[in-house]
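We call the chains A, B, C and D, going by the order they appear; numbering starts again at 1 in every chain.
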Amino acid sequence: MEKIKSLADLKKKREALQSNLKLREQGENTESLIQVKVAMATCGIASGAKQVMETIINESNKRHIPVVVTQTGCMGYCYAEPTVEVTKPGQDPVVFGYITPQKAEELVDKYLVGNEMLDGVIPVNYEKVEQ
Amino acid sequence: MANYKYHMLVCGGTGCFASQSDQIKKNLAQIIEEKGLQNEVQVVITGCFGFCEQGPIVKMLPDNTFYVRVKPEDCRELVEEHIIKGRKVNRLLYTDPENKEHVADSKHMEFYKKQLRIALRNCGFIDPENINEYIARDGYAALASVLEINNPLATIDVIKKSGLRGRGGGGFPTGLKWEIAAKNHADQKYVVCNADEGDPGAFMDRSILEGDPHSVLEAMAINGFCIGANKGLIYIRAEYPLAIERLLIAIKQAEETGLLGKNIFGSDFSFDIELRYGAGAFVCGEETALIHSMEGERGEPTFKPPFPAQEGYLKMPTNVNNVETYANIPVIILKGWEWFSSIGTEKSKGTKVFALAGKINNVGLIEVPMGITLREVVYEIGGGIKDGKKFKAMQTGGPSGGCLTEKFLDTPIDYDNLIEAGSMMGSGGMIVMDEDDCMVAVSKFYLEFTVEESCGKCTPCRIGNKRLYELLEKITEGKGTMEDLDILKSLSKVIKDTSLCGLGQTSPNPVLSTIDNFWDEYLAHVMEKKCPAGQCKALKSYIIEPDLCIGCGACVRVCPVNAIKGEKKMPHEINQADCIKCGACIEKCKFNAILIK
Amino acid sequence: MDKIKLIIDNKEVSVPKGSTILEAAHKIGIDIPTLCHFELKDLDIHNKPGGCRICVVEVEGRRNLAPACVTECTEGMIVKTNSIRVLNARRTVLELLLSDHPADCLVCAKSCHCQLQDLAARFGVREIPFQGEQSSYQLEVSPSIIRDMNKCVMCRRCETMCNELQTVGALNAIERGFPAVVSTAFNQTLANSPCTFCGQCVAVCPVGALVEMDHTPKVIRAIADGKKTVVVQVAPAVRVALGEEFGMKPGTIVTGKLTAALKALGFNYVFDTDWSADLTIMEEGTELIDKLTRHLNGDKSVKLPLLSSCCPAWVNFFEYHFPELKDIPSTAKSPQQMFGSIAKSYFADKIGVKREDMVVVSVMPCLAKKYECARDEFKVDGNPDVDYSISTRELAALIKQANIDFKSLEDAPFDSPLGESTGAAVIFGTTGGVIEAAVRTVYEVLTKKPLPKLEFTELRGLEGVRSATIDVDGFKLNIGIAHGLSNARKLLNEIKEGKSQFHAIEVMACPGGCIDGGGQPLHHGNSEIIKARWEAIYEADRNMPIRKSHENPSIQAIYKEFLGEPCGHKSHELLHTHYFDKAKVIEVKLD
Amino acid sequence: MSVKIEISQKTRTKIEEICKSFNNEPGELINVLHKTQDYLGYLPAEVQEVVAHELKISTAKVYGVVSFYSFFTMIPKGRFPVSICMGTACYVRGAERILDEFKHLLKLGVGETGADGLFSLASLRCVGACGLAPVVLVGEKVYGRLATDDVKSIVEEYKGGGCAV
């Protein structure tokens, strides 16, 4: 194991290690975070949901957005896959359809950071998907 | 390259471990690998989550789903449903006892709502066997800053101002203790962590060591720097194999990373930590006895002064603190004494970890701010009394403590209030008793413990406690007299007043406290020869209610001494002279026809 | 020295810093009762476990009562030693002790000398309010010591003596809680343990848990048996201590009354172990001279230093703990055994009594002597050279039983011929005495010149280890002295490591030597008593007309008449012995 | 005259090794005893003699320490050591009745080992599985949330020799 020889070493190491635990730390505090659920059933995965999820995670991290990204089963909008549900604290969930990795970046930029709806991506339902 | 999207935290505390949490971890890892998800899902064994009643616990992150009473065979479903399909497995969620609804998130459980985790901040959160996770949680940053400031007295001052008091029982101000040890000059000094948690029904320290060993190591190093010691020793019970294993791993990792050993963070400060094993003697929780035990001697306490800070391990100045006390240190350094002292009551700052057990719905390990009321602990965190029975008393402080009754339900819990209420903080055992518990028998239980654990050095503890126990035995057998009750009281006071160490000075507390609060129960045993709780064997008789008995004969077959007679299909009868009161019949009777009177 | 002022029972007292409340109270005449506390300050022996809790006092500002014996005085301290709270606590503690103590005072060997009994009397205990289980341990009877651990009060004094003073390690606290007691490993017998039978544990036991094996009934029976000729010998240290048992001042020399008492008791011959002490000097001195001469002549096979061998506990000690050195000690028997050997040969012949009709009794300050006289090598056809050894305390009891008014006895002389002795012999009774006696003789024999100065004050003292260099006509004779076996151990370790510079070493097992032997009147931790005995020994020496062993006419006569030369053939047969390896053997058995 | 102590070469060598690994330091007595008991399962008198010999301390002292600490035992444990947790949490949830049942079924007292060496019975203080109270350990295996009725089946499980723990 590499030795930590100074305070600077420790800080460096800590920063490198923190990202992994961030996921857990955020989990302690889900209410104050934006929750993103990516539908990952066969239909979703086939249409590229996995890449969408990666993109959302990476882009949110880059922009330091407090977000919890999880996967979920089929939401029943197989025609609009990949679908993503976003729940902002205190707001009703919104489901977006036809998300590609490019659109995912846009989703992060516009909806997650700002509060803008996305062009070309129609919110398919305003109800909670779990029911 | 792994890019984890899910973390599955499996509780690895002794309680959950005992219910195969290691197998759960193995199964999860295997299934995840089978599904090719090993780079997306991380399975981690953590320290205790605290909610032992519901163990084994598996927590899913980032969505913070809290699965309870998980069995190894549930693992496949957890992976396939929760991870792959993103559906919560409802049957493994916690059910709120009030409204019978499933609660997925631990934050919404009554058990966790009022808790504040400082000493347990990393328990159930990080992998205790991985130093990197500790570092990621600001681990060793407190040590780094202390070394950078390079002013031991200033650091001691921070601890002093924080108001932290020893969590082992006595409640001595920690900063003051450090200061005394720092001021005694010697070539060699020692820092000792007391991990000889012997209080029956308490497992706070063990949980910290199992869940967050590095916090203790870091605090010991800080302590060493402050008092001028370069050697630390952890005196740990040999009965804690898991804690020992995790500590050894932690020490090794810290040494390999250079966070223990020579010239830590490039400073002049060097610090090593070794383990010393206890061997099953409760009295070794007393610091002088602990030191003798570490020296390979019988664990007999010696008169103080000299205090360990003057003459301790190998006759050198030694600072002894317990595990929980240490676990608070790094946070205090990082967040400041102002933050810490803003929590708690006027004279008791911060939080306290308690092992909540007994006749309570939510058995487990809790950490609450000082000043919380007993009511909140019992009825909110604890979820009330088991089987809807009536709360009778809460025993705190273990064999050194006493019972708190209903009238103290709204007393804020802190060091001084507990003493005023006739009990004490102790190391943190909280045992809840209900209407079925006989308080005379409870004090006999504690005395039996003390008698067994007395070192035998001083007369009042060696013979006095034995006599107390014998008196209680006599009373629970229905042979006690009013004079015995007088002797019980007066002898208890003398034992407290004259014993050599804390063990003897507190051992009569359970007796005095129950006499104070449950005098009528003592009287009932003595005057009426009755045990109101129906617990004392000699004072109860098993009687068959003829109206309820259908004469099935089940009790006859199970009675080990053939004390039950009766014709088939006719009400049976128990011969009281033969009955050994084993209770076998009552368990067998399907018609509730056997009563205890 | 810093002084501290405090108030005890409303009286102000000033004591040096570091004093305990017990000491401070003592200074103003307040006697706080104690039980476990035991100190011989001048000999650096301390037993202060603070365990019995009899001495508790009230200290203002303290929550609990404080044990006076270990609580140090602090400036301005206010102490109450007699409040109701204190008296009640003490009484309860005492009652607790009594509730786990056999109430067999009537037949207890310690009755009237028992500190627990004294306390019960002092507190006027009439009934014990506590009943319950009593400790029950096996009674052990060894040749020297009887252990009845049912009477143990866990004062730990014996443990301190056995481990710290003697480093013997036979006794230790075992178990914990109520069953805790001081015992041997696995409760084995003392004979199977490293015990040397020095008796220091017996000498300090406050109760009847450790007492000597009483041989007085056998002695009475022997005297009563008309067919037996009963011969008694008295060790030097007895005469300076026995008086204490009859209320006389410590250090009173009672030789004359002692002989008169023994005669009154009906012993047929009253002789003196001092006589055989002179004989020992002849043998051991000759051995030393022989070794030194050979050493000076360059004989490399000579093992030096020569170790004294008069003390049986010391012999037991090296046989068990240093068996590899068993060739070094002098082979000369102890004075007790030399006496027995001569009494049952030379003297028995002389008076025409058969060996088996003679009973030799010794009066010793020692309990190990009981064990010594029972050793097989000191028996002829199963008949021991010395039949019974009784302690100073046992003799006192015997005199009291016989209604002899000791104090008013007219002095009587020892009988002849085994009663004549010198000043050199009497100093055998204290540490440094044997070697001084030996030097007095060795010097004159070696140099053939009279001693310029008879008293070797450089060899005297009570420090645990002492050394001196004696100029023997130009030759520097290096002498080492140790008393207390922990001190002996230090010198033995030096020998083992080849670092010892000494030519001769004297060892006595008991602190101060035989004057503080395990069989002497109890001193209860008062080292003034030991000092008084010590001074009396040297006074007895000064009172003797002859003060060098080789000038004892009776000794000279026996060599001429019977033994021939010192260390000659007959001497070897009768006056020398050999030693055994008694260390535990760890044997490997086949798997 | 001298007392002989018999011990197998293997055991003796092992004890010597253990003592040596602690530099034959008397202060390490408790660590030495732990390691030795780990190896042998118990600490018979002969073993204590060898430990005393190696560390150059009195056997009485070794015995004083062994008999002080409840973790050390001079009696070999059974093949299936049954330990009943008597911590307070287990006590108030009926551990005493469980213990009585074991005593009754195994015909053993606490601290005893059966003549056939199959079972030994012990009580211990809080294993920390208070959530599972009352708790019983057979070897390392934990049985929790027990009722007296369960005792019989646990005993049966091991009676036939079971699988070694």
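Everything below uses one rule, namely that a residue touches a chain if its C-beta (ideal position, glycine included) is under 8 Å from a C-beta of that chain, and two chains touch if they have at least 3 such contacts.
Quick caveat: nothing in here was measured; it's all calculated off a predicted structure.
Comparing the CA-atom centres of all chains against that of chain D, the greatest distance is found for A. Among the chain pairings, B-D comes first (most C-beta pairs in contact). Every chain gets a centre from its CA atoms, and the centre nearest the mean of all protein CA atoms is that of D. With centres taken as mean Cα positions, chain C sits 90 Å from chain A.
If each chain is reduced to the centroid of its CA atoms, chain B and chain C end up 54 Å from each other. If you average the Cα atoms of chain A and of chain B, the two centres end up 40 Å apart. If you average the CA atoms of chain A and of chain D, the two centres end up 55 Å from each other.
Residue positions of chain B touching 2 or more other chains: 281, 298, 452, 455. For chain C, residues touching at least two other chains, in rising order: 173, 175-176. By the contact rule set out at the top, the touching chain pairs are A-B, B-C, B-D, C-D. Per the touch definition, chain A reaches chain B in the complex via residues 1-7, 10-11, 13-14, 17-18, 20-21, 23-24, 26-28, 30-31, 35, 37, 39-41, 53-54, 57, 68-73. Contacts from chain B toward chain D in the complex involve residues 13-15, 18-19, 51-55, 198-203, 206-207, 238-240, 276-282, 293-299, 314, 355, 357-359, 363-364, 395, 398, 429, 431-433, 437, 442, 445-446, 449, 452, 455, 560, 582-584, 587. On the side of chain D, the complex with chain C involves touching residues 1-10, 12, 45-46, 48-50, 52-53, 57-64, 67-68.
Taken together, the chain C residues at the contact with chain B in this complex read 49-54, 56, 64-65, 67, 70-72, 85, 88-89, 92-93, 96-97, 99-100, 129-133, 153-154, 173, 175-180. Of all residues in chain B, only 3-7, 9, 42, 61-64, 83-87, 105, 107, 125-126, 132-133, 135-141, 144-145, 147-148, 253, 256-259, 265-266 touch chain A in the complex they form.
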